[in-house]
Amino acid sequence: MASYNMVFAGFGGQGVLFTGKVVAYAGLIDGKEVSWLPSYGPEMRGGTANCSVCISDLPVGSPLVTEPDVLIAMNGPSYDKFIDAVKPGGVVIIDSSLVNPSKRREDVTLCEVPATALSNEEHLEGIANMILLGKLLESTGFASMETVEQSVQKCVPASKAHLLEHNLRAIRLGMEQ
Amino acid sequence: MTTVYEKSKMLTDAPMSYCPGCTHGIIHKLVAESISELGVEGRTVGVAPVGCSVMAYNFFACDMVQAPHGRAPAVATGLARALPEGVIFTYQGDGDLAAIGTAETVHAASRGENIVIIFVNNAIYGMTGGQMAPTTLPGQVTQTSPYGRDVKTAGYPIRICEMLATLDGTAYAERVSVNSVPNIRKAKKAIKKAFENQIAGRGFSIVEVLSTCPTNWGLTPVEALKWLEENMTPYYPLGVYKDITAEEGK
Amino acid sequence: MAERILMKGNEAIAEAAIRAGCRHFFGYPITPQTEVSAYLAKRMPKVGGCFLQAESEVAAINMVLGAAAAGVRVMTSSSSPGISLKSEGISYIIGSDLPCVILNIQRGGPGLGGIQPSQADYNQATKAPGHGDAHVMVFAPSTVQEMVTCIFDMFDLSEQYRVPAMLLGDGLLGQMMEPVEFPDVKVTPAEKPWAANGHQNKREHNVVNSLYLQPDQLEAKNIERFERYAQIQANETRAEAFETEDCDVLVVAYGASSRIARSAVMNARAQGLKVGLLRPITLWPFPKKELLKASKTAKDILVVEMSMGQMVDDVKLALECKKPVHFFGHTGGIIPTPAEVLEQLKTIAGGAAK
Amino acid sequence: MANRVTVNEQICKGCGLCTSVCPKKIMVIDRDKLNAKGYNPATVSDIEKCIACAMCAIMCPDSAIKVEKE
Amino acid sequence: MAERILMKGNEAIAEAAIRAGCRHFFGYPITPQTEVSAYLAKRMPKVGGCFLQAESEVAAINMVLGAAAAGVRVMTSSSSPGISLKSEGISYIIGSDLPCVILNIQRGGPGLGGIQPSQADYNQATKAPGHGDAHVMVFAPSTVQEMVTCIFDMFDLSEQYRVPAMLLGDGLLGQMMEPVEFPDVKVTPAEKPWAANGHQNKREHNVVNSLYLQPDQLEAKNIERFERYAQIQANETRAEAFETEDCDVLVVAYGASSRIARSAVMNARAQGLKVGLLRPITLWPFPKKELLKASKTAKDILVVEMSMGQMVDDVKLALECKKPVHFFGHTGGIIPTPAEVLEQLKTIAGGAAK
Amino acid sequence: MTTVYEKSKMLTDAPMSYCPGCTHGIIHKLVAESISELGVEGRTVGVAPVGCSVMAYNFFACDMVQAPHGRAPAVATGLARALPEGVIFTYQGDGDLAAIGTAETVHAASRGENIVIIFVNNAIYGMTGGQMAPTTLPGQVTQTSPYGRDVKTAGYPIRICEMLATLDGTAYAERVSVNSVPNIRKAKKAIKKAFENQIAGRGFSIVEVLSTCPTNWGLTPVEALKWLEENMTPYYPLGVYKDITAEEGK
Amino acid sequence: MASYNMVFAGFGGQGVLFTGKVVAYAGLIDGKEVSWLPSYGPEMRGGTANCSVCISDLPVGSPLVTEPDVLIAMNGPSYDKFIDAVKPGGVVIIDSSLVNPSKRREDVTLCEVPATALSNEEHLEGIANMILLGKLLESTGFASMETVEQSVQKCVPASKAHLLEHNLRAIRLGMEQ
Amino acid sequence: MANRVTVNEQICKGCGLCTSVCPKKIMVIDRDKLNAKGYNPATVSDIEKCIACAMCAIMCPDSAIKVEKE
């Protein structure tokens, strides 16, 4: 696949922007052209947040993904908002602890991961997003695990380096789902 | 059954766009209740600022005008001059009123413009994501004072009521807080009094309301109330800074 | 018709505004338009109107916004640097679809520049009176009498289209006296059901606003406004043609410089040169069809401005670049002389004859 | 018969300000419910104890609470 | 070359400014450019620089004037309404021949408008950044990397010509992250013998000023400045041509919309349509000769903008109206999609084929 | 022979553009003498306003920058931040400082910006031909208050020193007058002290100087001195409104 | 003569702007096209003041007179400033109490009227300008005396009506010079 | 020998401020002289009485006066 156009969406605070950044960085490490674009503005507060990520062999045109190949949805409103836009044949990954997919599409692959529940069980509180990232990795192979590890290292600020291992464990957990 | 408390009819049904626990909402209620109780909804025109309360025009059930950032007092002046029977108020944040709008605020006061200003001081720029405001406390961390407000380079907070009280045109200036029910009750009295002044043609009234911004302070709504009380009130003492009716009474 | 009296351009504007039903003026002093304020400071109290000297141009334009939102006829006045300060407010007024009248009695720029007459704010007035996709109607009278008639029209059209109207004058027109008479017309301001003037518990609450956080709503609003702009462009262009029927060279000039150009054209005709003048009275909308008509026989166009040449592009575009467009002008407050323009005309006519 | 406290659950943002001021500690956040906007709304745990002081309602920024007295 | 890192456009600009030797920044918060300030508030103290949040945009631009007058490299940043407020100050800076860098990370307008990406301040930036005969250099990068290179150039050119430089970005470019690397160049700011930085009793006192009460002096100053403008127009135009060699339809687009246009062109080529893209990097000076070259084979031109169509006139003028110029765009914060542009290209190519 | 008084070397030879008897010229002298006596001409940069003193850049023999109307404190801030060793001052009229420049003035003070402001209060807009200023006295006739300033519609005069004294960032605020030789001597002391503060890095100092505008007051220069004394000084009491060095001294 | 292009110049306070206005109003009363343009700006204060007046059968083009047919100069600097610009064959009227015409032109008619001295002698203090206006009337005949009388009536504000007769006397005095 | 007071007559605007403060009333406006700008300059009528107090010079807005002491 020459390019991935992904949307990461959820409530503010769930780490969807961070997840997108890790993915974009992985693309960069692999020498691809990448872009990351957040939604911004007041609607972010208390509302939903989302970002577009493009990974491609060619320079990225519009960084705004309007027809994603991949959708990661961490809450119901986000699922509802983006599900229709997903390209036929695309991949949709949801945190099934939070999303109850009202509408189902036949022409996309739906991966339901109870990420929040899992994170609580596995003492990975607050990083359900990384579990979903693992699932993304597993289902699309957009990068290698080594690349993603490096990427996480880049993205986790020095002050939070102690959380690195947690993040990686969550990703691995997600890959197994 | 008798209703002890319910939503004011001066507020529309539109859900407010504020963050959970943001006291902007409380202040909205007090303004709405005051106008309603005075029975002047029909001739009131409010001016919304640029700030988190930019969409106040959707929440108040009176006619509303949205002003450029900081210029609400000038817009209100235009309204007041065009509508001699109007009850004109502005609702402004601290960035809006005390930074970019300083000149408009000082001069509306100095002119004794017959308007009410509700000044929401939350010590930060809410809408744009938490930058330093003129009212940000010394040492307070914000997006643009990441190492804490350093008064040596970023200057000192401005106490608006104290400053405006020096102007002959100011009829009434009081600072209140909405961090507790008793304080909310006092705030309500002050706001209502400001509107009474306006209706009586007494000139410029400002009520500065200490308010929270849990989101950009990085606190829970309840913690934010406490932070306000412990940090803001010492720097911004509550009380009446000017009241020509009291002076007349003397 | 009333008596013709001698009046300064600035004062005539002020009097015209009052007669056009304007009872609210907010301004801030600046040369060369101070007579507008001085006149209204005297007159407004006598007619029960409001003259207010604001603390700044920024405050003045926002007072205009407030008064216009309340539904009254309102005017403000300034000169070049003050208009720049007003540009945010003007953009808001446009975005809020409010009517009002704005005077720019231009002086030399950029920066503090000078205080002598200039036409160097043409681009600002016609292309970018503020940020965003935004226009105001721009009127450029060339006599004191025409200033008066323009003011009446501006109040009416501004209300009709809910687009602010700007009078683009200059220090020459503002300061000079000429005979003027005031038409004795009854003014009927438009109904303003949208005004924020208190709902009296009789209607839903009105909101005057330029914020649309949803891009599709903002786009729709802009498209709707551009439809009004298109109507204005179709119906409200104004220009005066002078000796254009058989002209070889057409001069295009507005406002003060058109007066000089007119003298030059007369002198040139007297010397047997076939030259004419097209004088745009509206600058936005630009009078394209009038220009096309006036330039039919012309081989060359000469634009005369008191600037480094700002209207030139609009002339070229109107003519689809089909005729050579020359420019002559002075800037910085220097007023071109008819002799200089005649010189240019001779050179061009000479070149064209070859 | 008790007083009545009505929380508009769709409007409530679960901020907890009401719970912090209730003198009887009967205003609580309902962790089991989630409204359309994703918030856990407030609710009254034991209406019998309510004294209809309306502190909760006065404090609520979103005017989500109505208090009626017996 | 240094490592490529992922960075937001706004942050990359801020870092680039520091590396280009800028140690003074004055700004006022506004979406969607707040990251510039946030970044510099953190970084400036570490490099001994000055980050100051001004009380308003008006104050910020005048702090820039002061710092520039003192001879240091200085930058300010805002978005559409804030730029309008700065227009008086910008005109003064131009009139005082001071160098500086100004960012406009555009959002939807007019008025308060919206906060989503827009390109509707093109006219303001290129034709009327303030009152008077005045221009700033306008750069319109289209990637985060290009933002960085532009910033270096802007500081240098601004000093070389003593003309302020504006980066005309938008919310899309400001908010997105892309890989970027910072060139490892040694910066050498120009000598500034004119600076008002204290004469140390060693020279005559310097005056930084834009006032010339004598019209002939003001005109002379303007003419001298326009000579510098002419040099800039001759030497500093920049544009990128993509697939233009044999194109039937040439798309012209800058900044964010050029990215979309580029995708559309690639898709169109894949479908066998002969289309190309000319992407102006400088908007003022407008890259005329580059456009003429790129459009040699083109029968039609399509301008794509995030506005109601503001660059269209410059394209027409550059081509002397010799080719049909079509327009497609969205405004108000809507970002056009490559598919929409492709659709337009097909229609035009179809029409052209007939 | 010993020279008792001669023109300061900090003034250029350019003849001043002020009207005959306008006290702008006296204030220029005091500024020039203070700088000269402190020996800091070489590192001083002055900011000229828009007003009658717009061409101050021609009269002071130090480096000068001409600022947009009202923005001198912002321009001075830019200069002060760029030139840490600089001695930065502005010279501003009342329209410039107290009307259009209100926000810049208040915030420069509030930031404790290390600059000196010489504020020339002549109760009118001189340069533009005599319009009402924020400092115009109640009842005073000007071009834009032709029936006398009516405080009900045009508002009250602003007392700048009193207002700025409420701000924590203000180091020094004094009001002086130049209507007599003894007052000129006091004014000189105040101005010099302001510059001393600047050199010592004490922050924001403002000296408000009551000044005449014979031309627009419609009086002879000598009458104008008297008018100042009789009308302005009662409304604008001379004296020190803030002085952190005195407070430190306590 | 189809048109008069005149310059009135002197110190501020000498009434040159007023004189110009009276002349322009006379033209208006006679049904001509007229214009009046003052110099303006700070240089007016304490400095020289001047105005351009055009009277013509045709609409006035530039109201700024750069080549006057008539120059009235009430002080030396004004004379020096404008004397070279006067059209050959033009008329130059000076207050010879104040102007000592350093430079003399052969091709213009110079009328020297000691207006200030006269005005003092004749108890017409402060209206030397009107004496010069009388001379202008006499030497150019730009209007009739009746017209000028009406014009003065228009121009003298109601509050100063008592000065009307003085003004007219001054004009008549000037005509006799 | 007397003190010396020099008035720069070309710079003087004849405003009379110096004359109004001279304690000896010896600073006067010379109505017979007119400088290039059209002003009657100030002059000292009787230098012998001058006490070199420099009041005139301090008051002069145009720095037109220099005072030297014996």
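Letters A, B, C, D, E, F, G and H name the chains as they come in the text, with residue numbers starting at 1 for each one.
The working rule: contacts are C-beta pairs under 8 Å (C-beta built on N, C-alpha and C of every residue); 3 or more make two chains touch, one makes a residue touch a chain.
Source: prediction; values computed, not measured.
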{"item": "Steps needed, at minimum, to go from chain E to chain F via contacts", "value": "1"}
{"item": "Contact-linked chain groups that survive once chain C is dropped from view", "value": "one piece"}
{"item": "Averaged-CA centre spacing for the pair chain D and chain A, given as whole angstrom", "value": "36"}
{"item": "Whole-Å gap between the CA centroids of chain E and chain G", "value": "55"}
{"item": "Chain B-chain C separation of Cα centroids, rounded to whole Å", "value": "39"}
{"item": "Multi-chain contact residues (two or more partners), chain A", "value": "41-42, 46"}
{"item": "Residues of chain B touching at least two other chains", "value": "19-20, 54, 66, 68, 99-100, 102-103, 106-107, 127, 134, 154"}
{"item": "Junction residues of chain C, two or more chains touched", "value": "31, 50, 52, 55-56, 58, 81, 88, 92, 96, 111-112, 115-116, 209-211, 213"}
{"item": "Residue ranges of chain E touching chain C (in the complex, touch as defined)", "value": "58, 80-85, 87-88, 91-96, 106, 108-116, 118, 120-121, 123-124, 127-128, 130-134, 209-223, 226, 307-308, 310, 313, 316-317, 320-322, 330-334"}
{"item": "Contact footprint of chain E on chain F as seen in their complex", "value": "12, 41-45, 47-48, 54-55, 57-58, 60-68, 71, 74-83, 85-87, 103-104, 106-107"}
{"item": "Complex interface listing, chain B residues touching chain D", "value": "1-8, 11, 15-16, 18-26, 28-29, 180-181, 184-185, 214, 220-222, 225"}
{"item": "Chain F-facing residues of chain C, complex", "value": "28-31, 34, 37-38, 41-42, 45, 50-53, 55-57, 81, 111-112"}
{"item": "Chain E partner contacts - residues on chain B that touch it in the complex", "value": "50, 54, 66, 68-70, 95, 99-100, 102, 125, 127-129, 131-132, 134, 143-147, 153-154"}
